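In what follows, a structure is listed as structure tokens, so that the remarks can point back to it.
Per-chain numbering from 1; labels A, B and C assigned in written order.
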Amino acid sequence: MSGVGSGYDLSVTTFSPEGRVFQTEYAGKATDNGVPCVGVCCKDGAILAVEKPEETKMMLPNSNRRIFTVSRHCGMAVPGKLPDGRQIVSRAQQEAENYKRFYGETIPTKVLTDRLANFCHVFSLYWHLRPLGSAALTASFDDDGPHVYLSETNGVSYRYYGIAVGKGRQGIKTELERMKLDQMTCKEALKAVCKCLIKQRDDSSNKKFEIELAWISEETGREFVRVPADLAKECEAAAKKEIEQEEDDDSDMEG
Amino acid sequence: MIPHCQLPSHIATGPHVSPFVSHNEAGAPYGDHRSEDVHVPANPASVPFAVAPSTDKGEVAMGEPRKHTTTPYVTGNSVLAIKYKDGVLMACDMLGAYGSTKRYKSVQRIIRVNDTTIVGASGEISDFQYISNLLEELMTQDFCYDDGCTMTPSEIHAYLCRVMYNRRNKMDPLWNSLVVAGVDKNGKEGNKSFIGSVGMLGTSYTDSHVATSFGNYLSRPLFREFQRDDMSLEEAVSLMQEALRVLFYRDKTSINKFVLAKVDGEGVAISKPFALDTKWDFKAFMNPSKHAVGSW
Amino acid sequence: MEAPTKMKEVLTGTTIIACTYDGGVILGADSRTSSGNYVANKVADKITKVCDKVYLCRSGSAAHTQAVAGYANLYLNQHAIELGDKGCSVKAAANIVKEIAYGNKAWMNAGMIIAGWDKKEKGKVFVVPLGGTLMDVPFAVGGSGSIYINAFVDRNWKPNMTKEECKSFVRKAVSLAISRDGSSGGVIRTVTVNEHEQVKEFVTGNEVPVYQDEIQSKGPPQVEFVSV
């Protein structure tokens, strides 16, 4: 135990002498070690994508979901500890429903993510609680257009053009920065997002992967829905092909 | 907190200080939609502001039992629904009457619940708005499950039966008669039409044709004679128009502004408001007492 | 002399009205509050602000509607803070008022009109009558005086009036109600709300137009005796 936190990392209510709260940082690691999740905001909508390794050969495909619907205009991806993530999603669903009942309007994404950040933050305030082990990536479409927000377990939430969390996030972020997301439609971005995810795969492990894709755009009638299976497959295949092509080109040049 | 008014938790308690959902403050927890607190006003004993309503205006009644139900204020009249070859047809007018005053004339009393179901209501409009909200929340939850299936008309009918019956058992009925109609696409032998009715006491039945309030007396005799489950849409529409016409002639709280709604395999369609042609040029109408001297 | 009878509840036997025009809304009301036959307040303000650019016309029990306006104001202020620079919508305000009126309908005596301007929907009028129904309408009248002017407003309201047309329509409607309803009287207050302004104005009691069989007061009375 000695070393990392020197004893200041046991409680979420204790600061280290340098002013850090180690437990919240460790909780962040749970997200960092989670599956890669991408959220991008395009000119006509927003996309969420999660890449999941096949955990066992006996598991049915599509049975371990990581993208959830919060309300008609909003959905979430959870990269880290799945049960903790579901807790956030469930809270988000309640907040959306309550807001609608009281104000008669759909909840603005900023209000929703602010409230979720508060919710997460509370878990890092009491000694008898443990911080949540997953961030939440929100994609939505409200009166102000499409949004992508990331609400982290330490209680911050920011809006992004595009963001990646989980394993391999750095590589994906660099890729995202190169894209002109605000000029792309969701349909165009779909393949690009798949490409980012596939590129950072660890090929050595020989594992099978599954990409979960969901979006909300003008095309989906501003409803958060899964990308149709055939389109998702098509994008994934096209992305793979492009990557292979690029690799071939590279090796040609070397040759 | 204001009695009988569910507030979002952040308002009742300031910023979220508890990570746990308090059922009283945050409303029904997700997935527990049918729990008591959604359908039932808070227990008056637990609400500091709630006072017993006075029996006589201006006089505070102490120790009187709490009364929920008064009388309806803004009301809608009959709703009619019939089955036809491809699905179901529903109709009603657009009046929101205030006693016998014809006060609001663009009230949409038929709502689309999902792709296969519509609900129409007669009775208190505010209660119907509440029910509409319940259904909308229910459908949003259904949407969030994202499991590829949606509730069928008979399921929605069963749900509304429970809501209405629960409320009447609390001596606080929702003052409506509801008609649920739609098409069940999950059946093995193709699409199956459904029409069901729920009264304000939770009484319910299903049939090939239903009506509420005055329609029970004025329209159902027509339906019994002319409605067939295999009739065409055109036939169904003209039968429905005839029924509406009779209702307009004989129900004093009605206006000549109607909507028709249909559900078939393609989905839900609700008509634009329209007026019916009425006939007043019968000879006998000109001088009705001519052949009955001494009458007026 | 008769012993004092039980206290009568203070009621805003009232005429209230709100109306959309091209670019905004105008709310109008008389200013009489009565307790039985006694005019408890002859210059009451029945148009209450509930949040920025949203106003509420109150009719029914003064106590109930004041409480509702107070709560609506509280929630909307908190709502405005949460929303930041976006500002409350008229719809949200109306929904809160409805929620309170509907939830307490068993004993509450309150008929209200909510009107205002917001960026998304522009000028909007909502009405919440006795049972707690929420109606989205182009214009609304309410209170005891409204029954005398229904025909007038049905005949004379038209969509997309100018501000001046709308204001004179509102004032005329209220003055007609005052001329026939004993529970309405005093001054005519109006509030005009649009993108750029929210202005409160009033017509003094002596300038309220009178109709059929009444005499418009014009300064000190001229008394003429006629020998009979």
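The rule we apply is simple: a residue touches a chain if its C-beta (ideal position, glycine included) is under 8 Å from a C-beta of that chain, and two chains touch if they have at least 3 such contacts.
The structure displayed is predicted, hence computed values, not measured ones.
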item: Remotest chain, subunit B as reference, centres from CA atoms; value: A
item: Middle chain, criterion being Cα centroid separation; value: B
item: Comparison of A-B and A-C by number of C-beta pairs in contact, larger one; value: A-B
item: Length of the line joining the C-alpha centres of subunit B and subunit C, rounded to whole Å; value: 31
item: Where subunit A and subunit B are represented by their mean Cα positions, the distance between them in whole Å; value: 42
item: Rounded Å distance, subunit A centre to subunit C centre (Cα mean); value: 50
item: Where subunit A touches two or more other chains at once, by residue number; value: 101-102
item: Subunit B: positions in contact with at least two other chains; value: 6-7, 10-11
item: Touching two or more other chains - residue numbers and ranges from subunit C; value: 82, 98-99, 134
item: Subunit A - residues contacting subunit B, complex; value: 68-72, 90-91, 93-102, 115, 118-119, 122-123, 129, 223, 225-226
item: Residues of subunit C defined as touching subunit A within the complex; value: 79, 82-84, 86, 89, 91-92, 94-96, 98-99, 120, 134
item: Parts of subunit B lying in touch with subunit C, wherever the complex brings them together; value: 2-7, 10-11, 41, 51-54, 57-59, 66-70, 72-74, 96, 98, 101, 103-104, 107, 124-127, 129-130
item: Interfacial residue positions of subunit C with respect to subunit B in the complex; value: 6-9, 71, 75, 78, 82, 98-100, 102-107, 109, 129-135, 137, 147, 150
item: In the complex, subunit B residues that touch subunit A; value: 6-11, 15-19, 21, 26-27, 29-31, 133, 136-137, 140-141, 143-146
